[in-house]
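Remarks on the structure that follows.
Order as written gives the chain letters A, B and C; numbering starts at 1 within each chain.
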Amino acid sequence: MLTADQIAAMVNARIHGDPGKAISGVSSFDDAGSTDLTFAVDHSFFSRLDETKAGIILVPNDAPAVSGITLLYSDNPKLAFFQVVAHLMPAEPLKEFIHPSAVIADDCVIGDGTRIEAHVSIGQGCTIGSHVHIMANTVIGKQCRIDDSCRISPNVTLVDKTRIGRQSIIHPNCVIGSDGFGFVQDGYAHAKLIHTGYVHIGACCEIGAGNTIDRGTLGITHIGNGVKTDNQVHIAHNVKIGDNTLVVAQVGIAGSTTIGKNVIIAGKAGISGHLDIGDGAIVGPYAGVVGNVSPGDIVSGIPHMPHKIWLKVSRIIPRLPSLRTRLLSLEKRIKKLESNRTEQP
Amino acid sequence: MLTADQIAAMVNARIHGDPGKAISGVSSFDDAGSTDLTFAVDHSFFSRLDETKAGIILVPNDAPAVSGITLLYSDNPKLAFFQVVAHLMPAEPLKEFIHPSAVIADDCVIGDGTRIEAHVSIGQGCTIGSHVHIMANTVIGKQCRIDDSCRISPNVTLVDKTRIGRQSIIHPNCVIGSDGFGFVQDGYAHAKLIHTGYVHIGACCEIGAGNTIDRGTLGITHIGNGVKTDNQVHIAHNVKIGDNTLVVAQVGIAGSTTIGKNVIIAGKAGISGHLDIGDGAIVGPYAGVVGNVSPGDIVSGIPHMPHKIWLKVSRIIPRLPSLRTRLLSLEKRIKKLESNRTEQP
Amino acid sequence: MLTADQIAAMVNARIHGDPGKAISGVSSFDDAGSTDLTFAVDHSFFSRLDETKAGIILVPNDAPAVSGITLLYSDNPKLAFFQVVAHLMPAEPLKEFIHPSAVIADDCVIGDGTRIEAHVSIGQGCTIGSHVHIMANTVIGKQCRIDDSCRISPNVTLVDKTRIGRQSIIHPNCVIGSDGFGFVQDGYAHAKLIHTGYVHIGACCEIGAGNTIDRGTLGITHIGNGVKTDNQVHIAHNVKIGDNTLVVAQVGIAGSTTIGKNVIIAGKAGISGHLDIGDGAIVGPYAGVVGNVSPGDIVSGIPHMPHKIWLKVSRIIPRLPSLRTRLLSLEKRIKKLESNRTEQP
């Protein structure tokens, strides 16, 4: 049990209501019960704060007070809420262990407190840091380096020479370091380019389930620190992604494109090869980006255009049939005016 | 060998032609030989029923009779055809077996007749039903529940607490229960939301190869009974999908969206987050759905619009250059008319 | 070390500059150092041949000569460059070996010089050729046939009866031979079609990471010789793809479609089912192909249209708001002209 008082101290919040009110669990706004903590960040919730059964609600500083309800005012109520979740449901501590079925090359260096589950394979010359969790059935090639406190989920494939910075999470069934789609025409056949590069993933990244990240053809495919990718993202050879950029599900980024820092690429967007997407840019969902995007620009559409224009365009597209009809009608009316004019003496 | 008579009795069909005609195999309309059964459901086949070499053809009740050809009239000839396929090529019965290389936590409960192949890992607290087939190299986390007669294909990852209803099939290399793409901004960095939810998949589902289905952040990602997903579908955290809905390949459904029953989502469509797609709705291929869809509505396009409008719009889009030219011409003609008017006394 | 002379002889190039100039490595144009070979195929590099620090540059025959720089003129400088890469960094020879943890059915036939890594499973009745490399944690079903010199990467699933021609590479986490998305409506439920077909992949193919290729429902899904697919490509049941066709990342091809030879399908394109895409056709990125494409045609857009028209259309789409405004203005002006005419005596 945690009281409103205790939570307020933990997350630096201000109490409205009963400081002794206690909760034992957490839940969403609509599913919460009387012993749950919940949160309401969206203004749409403020008018219905009395509708949740939650014992305590974390709200932003501009939320209204409601008598009879215990509220905790916070600068970042969502962050505060998940800090309480982490307190109530702490992750099990990782126990050092190497499952006897794991096949690990003799010359690998493995740090303290690292856990390697069943049916893992690790190739020659790998360096695995401390407190790393390599989950079942993952395959790690030769000369990979995985820094401290990473989690590599089940059924992941890390190809030779992949490097992963500390505290990063690779979600299940990812492929990191596969050969890029690099061929050179030799008559009608496509001769394979030997790939000698590798993938470098920074610290504190999350790579979503089923991602594929290709190694550099020559040189490096580089994912910066704090980058988070959602599921089924494809990142081609020699792409560079800056720190803290977010890439949402099913995005594809073609070869040799450079994405800046703090960029957001929304779901299902595609970005063509050899482009520059500037720091802080936002690419909308389903967008097809075929040219450079300047820092801070927001783009949408296929092909991409400024988002403000896309908003107008997307309202006009369904009205194209009516616009066409109006154009046809204008043509008739003009013809009439013209013929009328000709008839005039 | 099966005679027309025997098949007619098996699938409740009416014979035209030779009741003693026998087949030993099945094939498609164009590849069939004289000892094959085939079927023709599409009207385009009716005029060329004499072109297949098949011994017997299953047809719908409104198909024409052709002399010299043995036809079986059925209410649902495609269903009937595949019932005969299942009769001729019965699945091998599943033999109870646990491969010695499988690593299964001591406290797991495993039902009768269940088969677990090589290099499988099953975590603590799992309950596996009867006649379940867990194929090679699949990883099952802690506290999962898999009901009777399921098939979990190779290289699948089921994350902790995943539940799968009876008779469901999970195709190879799926990830069920991965963390959602849930972060909260903390300065420029993105703090991870602890995920405490799980995925519930109903009975009689098929989840296509390479799907990724995220667990609920808090609460459940819920896939109803009889839902079928094609390959490379992405379903985000806290999505709900109603019974018997079909989701075609490479569709992405963003977080907290609710899809009704008997919905069809065609290939490569994307559905944004926090939306409601009503029962029986149809979403066209390549559509980008950015708002709610009412029950029974058919929508297409990016952004989505009523399918009937999209049909018109999609015919106009390639004619935009000519419409623009006509608009420019009108402008000139009007200018002329206007200047002419001004010149008039 | 290789001298310009030696390289010229190896790749049949003509030397400009110092025949004794030697390199020991390879690199990209901008990253190269003085002991690296690089190449410049793109005309944009010709004006800055003096900017790379590379010791030797491979260039096409129409590149300018620059004094003080050693150039090697070649008919295909990119191909030549990667031939030198292959010479400098030869692949390690494959050593015959079967890891003791591999589980291989007794009746499998395995050729000479084949290497099978840890945690592999191979089902009954498989035939594996010579010099095949089956990497860790890959699962091969029953009655598969893998011809000589193939590489099957880690965490791949080959379903029963899959056939792969000689010298083909299957990249990590692919699924080949999964059941297609084939159901028949039975009331509201969707009855599963028994799949009896399989996948045939030709010789000298590369199948990208995370691909899913479904078996034929009845009959074969056929991938021709020399076909290369990028990552996360989906190929449905009964698709046929002709020789040397290229399929870029995240493309989806629906059931029973036939793609010709020497076709290029760009990234994220979708192709609907039961279509014919002719030899040598090109499908642009993000395209949605909903009808047949003739041999040699180039198409783009959703829905697809001739690429030349799409280039015009894509320039007009962002100007739709202004075109609409101009149309509205025309309507007003015509109204004025009309009313003026009516007022005239």
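Just so we're on the same page, a contact is a pair of C-beta atoms (placed from the backbone, for glycine too) under 8 Å apart; a residue touches a chain by one contact, two chains touch by 3 or more.
Chain-to-protein mapping (UniProt): A, B, C = UDP-3-O-acylglucosamine N-acyltransferase.
As the structure is a prediction and not an experimental result, all values here were calculated from the model.
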Steps in the shortest chain-to-chain touch route ending at chain C and beginning at chain A: 1
Residue-number overlap at the chain A/chain B interface, same or different (half cut): different
Turning angle required so that chain B lies on chain C, C-alpha fit (0 to 180°, nearest 5): 120
Intercentroid distance (Cα basis), chain B paired with chain A, Å: 26
Two or more partner chains touched - positions in chain B: 101, 119, 137, 155, 173, 210, 232, 250, 302, 317, 320, 327, 330, 334, 337
In the complex with chain C, residue positions of chain B that touch it: 26-28, 31, 76, 78-79, 82, 85-86, 89, 91, 99, 101, 117-119, 135-137, 153-155, 169, 171-173, 204, 206, 208-210, 226, 228, 230-232, 243-244, 246, 248-250, 261-262, 267-268, 285-286, 302, 314, 317-318, 320-321, 324, 327, 330-331, 334, 337-338, 341
In the complex, chain B residues that touch chain A: 101, 103, 119, 121, 137, 139, 155-157, 159, 173-175, 178-179, 181, 183-186, 188-194, 196, 210, 212, 214, 218-219, 232, 234, 236, 250, 252, 254, 270, 272, 288, 290, 301-303, 305-306, 309-310, 312-313, 316-317, 320, 323, 326-327, 330, 333-334, 337, 340
